[in-house]
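Take a look at the following structure, please.
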Amino acid sequence: MKIRTLNIGVTGLNAIDSPGPGVSVIRALREAESFKVRIIGFSYESLEPGIYMHDLVDRTYQIPYPSGGTDILLKRLKYIQEKEQLDIIIPNFDAELYSFIKLEEKLKEMGIHMFLPTLTQYEERTKVNLNTFGKKYGIDVPKSKAIHDLNSIHSLESEFSFPMIIKGKFYDASIAYNVEQIKSHFNKISAKWGLPIIVQEFIHGTEFNVTGLGDGKGKTIAAVPMRKQYITDKGKAWGGISIADEKMLEMTRKFLKSTKWRGGFELELMKDKEGKLYLLEINPRLPAWIYLAVGVGQNIPEALVNLALGLKVKPFSAYTVGKMFIRYSWDMIVDREEFEQISIYGEL
Amino acid sequence: MKLRKNIAVSEAGLLFNPVTGESYTINPIGIDILNMIQAGKTRENICDAILEKYLCDRTTVENDYQDFIGLLSHNHLTERHEDKDA
Amino acid sequence: MSKLRYERPVIKKLEGGMPNKFGLRSEIQPMPTIDGNSVANLIQDYGSPLFVISEKTIRSTLKKAKKAFETQYPRVQFAWSYKTNYLNAVCNIFHQEGSWAEVVSGFEYDKAIALGVSGKKIIFNGPEKSVEDLTKAIQNDSLIHIDHLDEFYTIVELAGTLKKRPRVAIRVNMDTGVYPIWDRFGFNYENGQAWDAINKIMHSGKMELIGLHCHIGTFMLSPSAYGIAASKLAELTLALEQKFNHEIKYIDLGGGFPSRNTLKGSYLPGIDTNPTFDDFAEAISTALLNSNFRKDKLPLLILETGRALIDEAAYLLGSVIANKRSSTGRRNTILDVGVNILFTSFWYDHKITPAQSFSQYTEETCVYGPLCMNIDVIRENTELPLLNRGDHVVIHNVGAYNLTQWMQFISLRPNVILIDTNEKPHLIRERETLDNMNNMEKIPDYLVKIN
């Protein structure tokens, strides 16, 4: 059978110390058995390392930031589509997902397929809604509450015990051991990310992650759990190991079955001393460590592409346990002209 | 007014300063001005040439020229103590 | 050979992390005309700054909103929120389209009456209604939405002296999952205040309780909160029917729908994220249709939407007074549009587009107003094309609250024009003059002479 070549657009080329998943996703796609690829990188900034990795990325286009709005993004994608005839786009940033979900239909009319969560799925899983999410789907989540003003702090003491985690709407989290610390975190985080602030029960335990793929009908296509072995000061995994934990897989299957999740995801889990699992966060995209999943036998990006094309995909049934990933950094040598080219013309 | 040595402007409007490692983009009228500065023209000549080519009044051109020179020196692209005619 | 359009020279450092022009340039498209009228001509004829209201946009936006609700719920009535924009011409466009009037002061009430709105079609909201106001409203059979018990007792008294049966509703506040709760207006649902007030009205026998009202917030981004509000008001209505065998005529869900503006601090632009009329219509009508009303007893749904109906219809035109550079090298542009006439620039990142063509080069710019006041900032940080002195700009989505909250401060307020559906401009509010201001003042005799 002749293997077809797909033109695939990928974002998240920022393989830096707090990495985007793009480069790992591209490596996975290049190793796919069911198709060949031509990779079109989408970058936001001129120093994203992926732009300059010519053995992985065939051509890169700058695209406008999500804050510019979907109209401008669509215009840019139309321009790119004329030149590249994309079959697939895989967005890899939380912040851009909203725009791509909104554009899904329009891109489909242009012949571009994606495999993304629905807007409802995307919004249900946000931090502010996590409690409701847990209740609705019968999944254990740490108790949390959104607060809008400092006056409601005093009522927290009866509902939560110290320490508590104080989280921003989008990013940032700090531990508070007393009311004074809650106040100070509240002020700091709300100044940066606005209101509400989320107060969350602190769960002592070990952190785990699961990445996987849901088919949008409730079926689990792939799921690989991992324990972080080395964590950078930014909280990112610099090394991890695949593990066999039936409970985690069970929670993952339950999550996919009950939400009918469509697309890739990463679950952040906490296991307390009694072995009880809590779901801390749902990232609605593939993680930067996705290449570990390929290494243990589940090429999730390949499966995602096939689902996006409407093909039948057989669920993965196994993966190798005890395989590790160890991240490293690498200095590329790049000509100034390339940097100037992407900066001025937005294409390389 | 003199630009630092080694500074080259490409046709696309790119300026690279080899001393600091910084790259800059410049709009077409800015390139015109840089070329005229490099050719040793005076402020008077440059403003005349701009007024010849573009639709504008002299006060605006002179103010903007001064502002542009300010930006060049803010970015350390001019040679110091060379402000005789700027 | 004709000369090229002038653009000031700029030089910009290339930075790895810096958004380049592909990230930002196309946010801005020139807007040389509004409804067929050139911006430059409008400014020439009416001065700068200038408010321009598009009648076409008002009518089409209202039609869109009506269609969204009427296709999902059988009985819908819009009431124009005067405080959002009470220019007479604007109010009358809404009244021509069938909107009632929603007022929150004696001044606004009188304005509606003077425009010829029937008293029966005026909804009187708000915490301040004087005895005179209430007397007028009762005599005109207007719909009085009671905010507190003190007002209730005043109405009881007036009903006696005027020998009329006032038509009233109560305003209810409630927890809809959106915080902070606006619990300063009306009676609380959860703690039983609202039910108490209903009982007091019914037992008084002095007035006719014909509606229930709530207004859960402003610039609400969550349609589901309206669903919750509608359900709670439906429950009150049904409880009232059960206990008193009394039928409520309408449920008024107030206003609060967002316009297409982008709130300060939002990451994504409002035009992408803010829910549409369809989203709100769906949430509200689903809640009402799913509650236990009999099919023939569905209450009238009243909406007091203001902002979402008018914001997009108005533009503020301005001109560049000067370009400067700050001590840190940032570009500062001064417009003749100040925060005294563009109050909403404190809440929104208003979209600003030049009225003439420009090249792809941009500069990070802070846009200031003309006032000699540090707070006079229109946009703190925006990537703008290179504007020359005298260039014109169009500021978008300014129809709500600016033409009511604007103030005469340092400078006088400018002309307002309406472009009709045949693209003809009409002056609908004249610019203020020194005489206008001085006519209101009096100088004591001993202060008249100054030398």
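By letter and in written order, the chains are A, B and C; residue numbering begins at 1 in each of them.
Throughout what follows, a contact is a pair of C-beta atoms (placed from the backbone, for glycine too) under 8 Å apart; a residue touches a chain by one contact, two chains touch by 3 or more.
Keep in mind the model is a prediction, meaning the values are calculated, not measured.
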If you tally the C-beta contacts for B-C and for A-B, which one comes out higher? B-C
What chain sits nearest the middle when you go by CA atom centres? C
Per the C-alpha means, the centres of chain A and chain C lie apart by a whole-Å value of 39
Averaged-CA centre spacing for the pair chain B and chain A, given as whole angstrom: 46
So which stretches of chain C touch two or more other chains? 14
Residues of chain A that touch at least two other chains are 339-340, 343-344
In chain B, the residues touching two or more other chains are 23, 25
Residue numbers on chain B that touch chain A, as the complex places them: 12-14, 16, 23, 25
For a test of understanding, state which residues of chain A touch chain B in their complex under the given definition. 336, 339-340, 343-344
Inside the complex, what are the residues of chain C that reach chain B? 3-14, 323, 325, 329, 359, 361, 386, 388-389
Residues of chain A defined as touching chain C within the complex: 44-47, 62-72, 75-76, 95, 98-99, 102, 146, 148-149, 170, 194, 196, 339-340, 343-344, 346
Chain A-touching residues of chain C, taken from the complex the two chains share: 14-24, 26-27, 179-180, 265, 267-269, 271-273
